[in-house]
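Following this message is one structure expressed as structure tokens.
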Amino acid sequence: MGSGVAVNLENVWIKFGDFVAVRDANVSINGGDFFSFLGPSGCGKTTILRAVSGFLSPSQGRVLIGGKDMAGIGPNRRPTALIFQNLALFPLMKVWENITFSMEVKGASAAERRKRADELLDMIALGGQGDKLPSELSGGQKQRVAIARALCASPDVLLLDEPLSALDLKLRQHMRTELRAIQQRVGITFIYITHDQGEALTMSDNVAVMKAGVIDQIGTGRDVYDLPSTAFVASFVGENNMFRGKILRIDGDSAQVDVAGIGPLVGRISPAASAQLDAGDEAMIFIRPEALAPGEGEAGRTLNATVVNEEFEGNAFTVYLDAGGNAEIRMSLANTGQHRIAERGSRMALHFPAGKAVVVPVGELASE
Amino acid sequence: MKSLNLSRLAFALYLLIFFTYLMGPLLVMSLTAFNSPSFPSASPWECFTFEWFSVLWHDNHIREGIYYSVIIGIGTVVLSVSMGLAASIVLTQIWPRFRSAFYTMIIAPILIPGVVIGISTLVFWDRVGRLLGAGEGSALNGFFHNGLFLTILGQSSFIASYAMLVFVARLQRFDPGLTEAALDLGATHTQAFRKILLPFMRPAIASASVLAFLASFENYNTTTFTIVDYKTLTTVLAQKVRLGIDPSISALAFSIITLTVLAALAVEAFRRHSANRLAARLRGGAAGRLLSGFFRGNVPAVLLVLLSMAVIVTAGVAQRYDPTQCKVAVQAAKKAEIQRRIKALQESRKARESAAPATPAPKAPNANSGAFGNVFAPNNLPGAPGASQTAPAQESPSQKPGNGAFGNVFAPGNLSGASDAPDAAPDSPPARPDNGSGFGNVFDPNNLSGVSGGN
Amino acid sequence: MKRKIIFADFFRTNGVLMGSILIALVGFWLVFLVILPQISMLDYSFRFNLPPAQQGGPRDVYTLSNYQHLLYGSDATHQTYNTIDLMVFLRTIVAAILVTIFDMILCYPLAYFLGQSRGSGFVRLLVVLLIIPYWINEILRAFALRIIFGDAGMINEVLMFLHLTREPIDFIRQDVALYAGLGYAYILLMLFPMYNVIESLDRNQIEAARDMGASWPRIHRRIVIPHAKPGIASGCTMVFMLSAGALAAPQILGGPSSLWFTQLVYQWFNNSLNWQQGAAYAIVLLVSTIIIVLTFMRIFKVSMGDIGK
């Protein structure tokens, strides 16, 4: 693997009039990587994708594909293929004509195209369906046709703009696996845009988390999930409990934060933020619901709260607790056969393991 | 309950009135195309005849008008559809701040009176011609005063707006992502336009073309100014109708109505057919045998075939049908009636003269509300009386020697009908037997200015 | 996402070749077929009618005389008004407004019925029936009415048969035929825009209103008409502009003694060969109709973007 082509964004700014859609983006994507841009809608991730594919040019900065500056090169001459959010299959062309459109515009003969289409149709397990119209296919089939159409152009980089968002949950999960498998088979660079953190985490080698035009963090899915660098990343990727307080003391990579109504909690300082935090600063400490468990723990890793509500979700229980103040706490417990967790209104002690709480500077949270 | 029924009844009555208003005139006009009197009327019914279709067919002015109307129509379709398509594409892409101003500009030509468009086109290109130094009689001057050129431009200026509206409606459902996808897959912009946008717009282009052609074909207000020394069907018709009316125009209208109905049925039939085929395809069944499949569950298709057959049969019958007998009978009846009336008139005059000599003559034909009398009453022939009535009679009989329906245009009965007119209406001037063409008078400049001046 | 497109982006989206073709076509249309012709007509209207030899010469100066002619006639002292032409103008405008109102009232119930009862074969039949007269030539439609309204026409026959009148009524001279013909000529341009907007009204809104006990007049006043306003405005604008600018119907159906304003324009152009005077009259017609339409649009709070929908 790793035969794909690298994509680099260097100090890319994209403005529409006074509105800054992308602010100083610096991203280097390794050849053959599955790279995701993750962020809420309107954060500028699609804009970045359009700059890579050539539908718009950055107001400032450079886009390099395979080390080559793409300025002045239109989308039809870039080695990229884009899979659109709505797939953009040509409704009036048959499936095989859709797939081989990139050959048609280069003047390939019908026989040649038909042959290539059949190969690709076999690859996506739609053999014999080439003469249908896109409207006669199911959602998942359309998805695969769109992928085959993009791959037919033999791109160095495949760009995917939330292609799974229109599918239902089951199919979406299936397509995740399939996309990852296709990427590993063809070995080219995939750049994937999504607002669904589950998709980003399951498929990607690396993830960039974006907020309002700014890239907050780039790293592996694990890094982003376990060691978010900002309050936004912590609250956007996955569920999280947030507590706010003043840093009492910093001890190497851990900090003790005094949370009003709960007391001091000890957490690991996010590596990217260590330079920004000092004793006495306001800070936020994040603890994942699944990191919490009932029972007393060590000092600084225990908190007491009142049970407010409890929801059964099949594979897990979610317990809502009130720890005084405004902090609502969520605890997620795997369903191991327990009958119920606690009485409503009862007082309960919770603890979390070392390293499972992350301290970041105070910042904007992802809105629900 | 009772009030519900009452309101239903009221609504049914309203529908009846509405559709009578809409269809009644057309139906009556269609009937007059088959009635023998030379003034178009449905009653009294004299003789069923196809002769007006023959008159229409041999009318060179109408033929010429149709010829130029078609040329102008084609030119207008090409120009207005391309301009309308371009404008609709620009409209979807224009800076939002300018969108409403741009929309106002491209929709405005619909609202400008056609007369104004005609005049402004004429004035502007006349000036362009002079600016370019095109002297009187030069080729360039001829070009800028060419009626076909001016009419195509004048008509396109507002027909393009109609086309634009059709395109905008379709473009709203176009996903610009499709064009981007094509570009992304390596197509040039021209290829993307030709292979993606154009096929998507094809139905809209077809309907806009039909719309543009029909709008051009029936335009009068603009054309009458820009056509200069050419003629189109509408300007010929307008001349005819203003200067005196004759049932051959009804025959033309009936032909157009028939064609429209046939076209509407054909469109509906094919729409139904493709809908049926799509449904069959989605059900997974075979498309079915071509012909039987076409008619199954397709009422318009059946109607279309029936109506076409009716038209063919009628045309065949028309070749053989000869209403001469009927006409002779009607003529005789009419003559007898007139004789009777003149006699009555003379008698009453005599009686009155003996009683009170100063009394003016009564308006005999009107007083007698009889159907025949009115047809030839002087005030029934506004415009240029007589001219069009006697017109068919002036055509050379050698044109159609056959003994079919078309031959009897020149049947003696008809001739005498025309020559009866002056008897019954002594005020109307006799037709001038000038240049032999049926409508010579219509285009006589003196006649023209006289009528439009007094209009 | 906010996307503003300026020229560079226009060419990026469409390519240089296609972009140029699009701009050229739209530019030709707007500049050479709409804007410049109107401007040159305006310019013409302020000039004297000179023989070709004197055009561009010292006597070719701007003048208001063409407009003064409409107000005062050829009377150079401006003492008396040109009552004939002014009356024609007034009559044209008032009659066009009346025709518009007549068509609006006549069409609304049918537009509502067609728009709210969807799918049935009867409704489709009605729509097809409506489309047929739409494609018959305006002149032929006027001709049809002339046959009907003539002295020996259907209507007089019927009236006399019923002994409602002893002598044929001269509908042409009374202008009844003209008004009926104008209403007839453009009625479908009123119906179809109304029908289109009413069709887009959610039936549930009406049912909700009925459920809350609203009477039918109230439902129409509070729900249907506000929703249909753009279509009604669109239809009224078209019918008014087309009636005021009609030429064929007045020529065919108009009485010999009463003229339509467009006929004056026509006479200046084609009979008097005084293009300048004709252009001035045309400008008066254009400007006054536009002012009237804009005034009504202002009163009823309709925007230009609603027209043509």
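Some notes on this structure:
A, B and C label the chains in the order they appear, each numbered from 1.
Note that in this section a residue touches a chain if its C-beta (ideal position, glycine included) is under 8 Å from a C-beta of that chain, and two chains touch if they have at least 3 such contacts.
Here the structure is a predicted model, which is why all the values come from computation and not from measurement.
Chains joined by the most contact pairs: B-C. Chain centroids computed from C-alpha atoms place C closest to the centre of all protein C-alpha atoms shown.
Inter-chain centre distance (chain A to chain B, centres taken as mean C-alpha positions): 66 Å. With centres defined as mean CA coordinates, chain C is found 20 Å away from chain B.
Centres computed as Cα averages put chain A at a distance of 58 Å from chain C.
Within chain A, the positions touching two or more other chains are listed as 55, 74. Among all residues of chain B, those that touch two or more other chains are 188-189.
The residues of chain C that reach two or more other chains are 4, listed in rising order. The touching residues of chain A, when paired with chain B in their complex, are 53, 55, 74-77, 80-82, 84-86, 88, 90-92, 101-102, 104-106, 136, 149-150, 152-153. For chain C in complex with chain B, the touching residues are 4-6, 10, 13-19, 21-23, 25-26, 28-30, 32-34, 36-38, 40-41, 44, 52, 55, 106, 109-110, 113, 126, 128-133, 135-148, 150-154, 157, 160, 166-168, 170, 172, 184, 187, 237-238, 241-242, 244-248, 251-252, 254, 256, 259, 262-263, 265-267, 269-271, 275, 278-279, 282-283, 285-286, 289-290, 293, 303-305, 307-308. Only residues 11, 14-15, 18-19, 21-26, 28-29, 32, 39-43, 82-83, 85-87, 89-90, 93-96, 100, 103-117, 119-125, 127, 130, 136, 153-154, 156-157, 160-161, 165, 188-190, 192-193, 214, 217-218, 220-221, 224-225, 233-234, 237-238, 241-242, 245, 249-250, 252-253, 256-257, 260-261, 264, 268, 366, 369, 371, 374-375, 377, 379-380, 382, 449, 452-455 of chain B touch chain C when the two sit together in their complex. Chain B contributes residues 175, 177-178, 180-189, 191, 195-196, 199-200, 281-282 to its touches with chain A in the complex.
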